[in-house]
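Both of the next two complexes hold chain A, though its partner changes from chain B to chain C.
Moving on to the complex of A and B:
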């Protein structure tokens, strides 16, 4: 079931001027409900523009954005409602924390929704729980927290609005490996517990391969691939041809094939590579034994 | 006694916690030797003290205990004058994480000239140094551009050029690729490695990316303010458990070999880099 559908979307910056630039051209895609979708593409591929179209921060030059089958621009005056339903977490969101306490910062969104004090308090607790922030941290200043904790506070602030779709731009950038895994595991738990639709924008193919159900690939403003993770990564050679980084393990497997070792196509995790090599080594051993 | 170019002796650093007033130790007695021309990666989880160590090496921070020697001189001694500190920072340059925080001028070439101007270099020589530095990082055609219009990788290369123009002997990169996209990362890594290879500049890079660390000659692993491991990528990645306990990763290729070895497959080759791993696996099939 498609949560968000983009129909023939194009976006042009500064149309009719010498600076006219086509950021997106003829994009048709479906973002699946109740799944984690990864959005991949170079800087300048149109990723950020696409993300801003999803919650109505920008309006497409042509084409339609459908949320639950309904055009979000049907009633432009109600676009603010869409922004509550599709929550956007920007890059390095911890730079946008500003309140005196963690609690007040998380409460900022729900307050803007005009909710009652009791409802706000409930949502703050819920968001803190979902992002793994201990209650005892809520009365601290956000500026006393570690980088990874600050980022979770920023994400909690969006989650507290109970968005049906949560979009995050590079949620793990700049974190150490443990901090990165904590955030990504937290997002997967969040997705499973709430049934929300989650979209992650990232440059890290390794992370995308591990954490996303579906993958969308953009290049030069056009949709290049769309499908389940294994379908997209099965085409790692094509990804590499459009200049995208593929996971290190995929690269290794492609090089092994070039050296005549018949690795399966489309390996994108270490576990898959291990299974494949074990199988190849075993059949090779059997063959060798056959000669004895 | 062999003379290392940079040497630290029982180096400690702690800061005072604002709320409790207590001393919070960050580094506990670091003993480290770095030779001229080495290419070193420092890895460790957030809060392990790696940025603190880097900042001590060019005296952005002052040690609270122990000593730092650079080129035989005790640079942590209280006798250091302001001039001495400037001289040290000219020798040991530093590139930071955020490309938007380290450019000061409104034109690229003026930004690169900022360092040598402050060193009092004659203007004809500044011109020469700026041109050379921009050429070295491949940014000559952007000399008259405005820095804020550049990509992240380009901004970092301008920041690097600004340091090269001061003719340093050592450059420290404090997570300088963390905020860049894959293309920008590659630009900065290539520039860094060119400086090491062609100019024999000592490179110390701090990173969370294990694939970047694997490219260095030597890796130092910090954990809670102590040196946990110190060795070649081959040595460090051959023993994954301490790394994982310290909250770090092993590169995917090396991790594959470890898993296969655990399954009883004999893979006697090297695993330091993806290319080593490739050869190690191929060797088994070619037997």
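Moving on to the complex of A and C:
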């Protein structure tokens, strides 16, 4: 079931001026419900422009954005409701924190929704729990926290709105490998616990291969591929043709195949490669035994 | 946020781009003086012509320049109206109750519009559109260097100006980002009473100030790491040299000024 559908979306920056730039051209895509979708592309491929269309922060130059089959721009005055349903966490979201306490900052979204004080408190605790923030941190100033904690506070601020779709633009950018894994694992847990639809933007193939069910590939404002992770990574040669780095391990398998070792197509984790190699080794042993 | 093209550098390879920035500052000052010398139709016509010539030789698209003028349309309209209604003269055109409009008032309004337009176009052609902000502050620092005798920290002022100019686009971009982030959390900046709108600015201003201070701190550290210690004994990477074309430009503007004075003397039509 498709949660969000983009129909023939184009977006042009400053049209009619010398600085005119086509950021997106003729994009058609589906974001599957109850799944984690990864959006991959180079810097300048239009990723960030695309995510801002999903919650109505910007209006497409042409084309339609459908949420549950309904055009989000049908009633432009009610676009705020769409923003509560599609939660967007921008790049480096820790720079948007402003309240005196973590608690108040997480409550900003729910407060804008006009909820009761009790409901807001409930949601804040829930969001803190989901993002792994300790209850004792809630009364600290957000400016006293570490970088990773600040980012989790910012994500909690969006999760507290209980969005049906959670979109995150480069949630792991600028974090060390451990911080990156913590955030991505947290997002996967969040998806499993709440059954929400999640979309993660990244340019790291490795992360996307490990954490996403579906993959969408953008290049130069155009859609290159979309599908399940294994389907997309099976076309690793096409991916490297558009200049995207496929996961290291997939590249290794590709190189092995070129040298005559019959590795499977569409390997993108070390575990898969290990199993495939073990299988090959086994069959080879059987063959040599046969000769003896 | 998008319409701040007035006073932005536009890269091109015209003769105006290649003039020495110090000379361009001098030329701009002289040009401003020239706009105020104009007194009658002939001299204003020459002034308007000179502005058009400036745009043409600067190789900057006319559309961009006219777009920049749009920003001051209101001021021009206001000035024109004041002049039309409040200039007393001898040849009345409309006299109805308390409204008296004289031919002199219309001329005056027309002259003021031309003057303001040319003032903006001329200075932006000579300076902001064709000179990078860094070159401009460099030029100002050197032109104002004599003030050091009076213990005015000219270098420090120039450095502050350079940094301020450098960070305007960065802060604009930052503001847009923060606004989007808060809008994504349901913040509303466009509706409600004046007080609630002012309150809605807090979620933008606090992160903006925090990041401005953070940037300032980082910049100070980076400058110290490169042993910056103010202007004393500092040498320059690019040393400005006047070339013959600079003096030709100076001669042209002097002749232009003389031309305006001569045309003023001819005394045709209304004289300001």
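The rule is short, and it goes like this: the second predicted complex is superposed on the first by the 292 of 292 C-alpha atoms of A that agree within 3 Å, B and C clash if a C-alpha of one lies under 4 Å from a C-alpha of the other, contacts with A are read in each partner's own complex, and residues count from 1 in each chain.
To be clear about the criterion, a contact is a pair of C-beta atoms (placed from the backbone, for glycine too) under 8 Å apart; a residue touches a chain by one contact, two chains touch by 3 or more.
Computed from a predicted model, the values in this text were never measured in an experiment.
Student: Record, for the superposition on chain A, whether partners chain B and chain C clash or fit.
Tutor: Aligned on chain A, chain C fits beside chain B.
Student: Examine A:274 and indicate which partner it touches, taking first as chain B and second as chain C; both and neither are also allowed.
Tutor: After superposing on A, A:274 lies in contact with chain B but is clear of chain C.
Student: Does the superposition put A:73 against chain B (first), chain C (second), both, or neither?
Tutor: neither
Student: One more residue to check, A:143. First (chain B), second (chain C), both or neither?
Tutor: second
Student: Using the superposition on chain A described above, determine whether A:256 touches chain B (first), chain C (second), both, or neither.
Tutor: In the superposition, A:256 contacts chain B only.
Student: Using centres of C-alpha atoms, tell me the angle at chain A that chain B and chain C span after the overlay, to the nearest 10°.
Tutor: 70
Student: Using the touch definition from the top, say if A:108 reaches chain B (first), chain C (second), both or neither.
Tutor: second
Student: How far apart, in Å, are the nearest Cα atoms of chain B and chain C after the overlay?
Tutor: 5
Student: Go through chain A and flag every residue that touches chain B in one model and chain C in the other.
Tutor: none
Student: Mind pulling up the chain A residues that touch chain B in the complex?
Tutor: Touching chain B: residues 42-43, 92, 144, 146-148, 173-179, 203, 206, 244-245, 247-249, 251-252, 255-256, 259-261, 270-271, 273-274, 277-278, 280-281, 284 of chain A.
Student: Taking the touch rule as given, give the residues of chain C at its contact with chain A in the complex, in rising order.
Tutor: Where chain C meets chain A, its residues are 2, 61, 63-64, 67, 174, 177-178, 180-188, 202-203, 206-207, 210-211.
Student: Of all residues in chain A, which touch chain C in the complex?
Tutor: Touch list, chain A to chain C: 14, 17-18, 52, 55, 57, 80, 83-84, 87-91, 93, 95-98, 108-109, 112-113, 143, 157-158, 161.
Student: State the interface residues of chain B toward chain A in the complex, per the touch definition above.
Tutor: Chain B residues touching chain A: 19, 44-47, 97, 151-152, 175, 178-179, 181-184, 208, 210-211, 247-249, 251-253, 255-256, 259-260, 263, 265, 274, 277-278, 281-282, 284-285.
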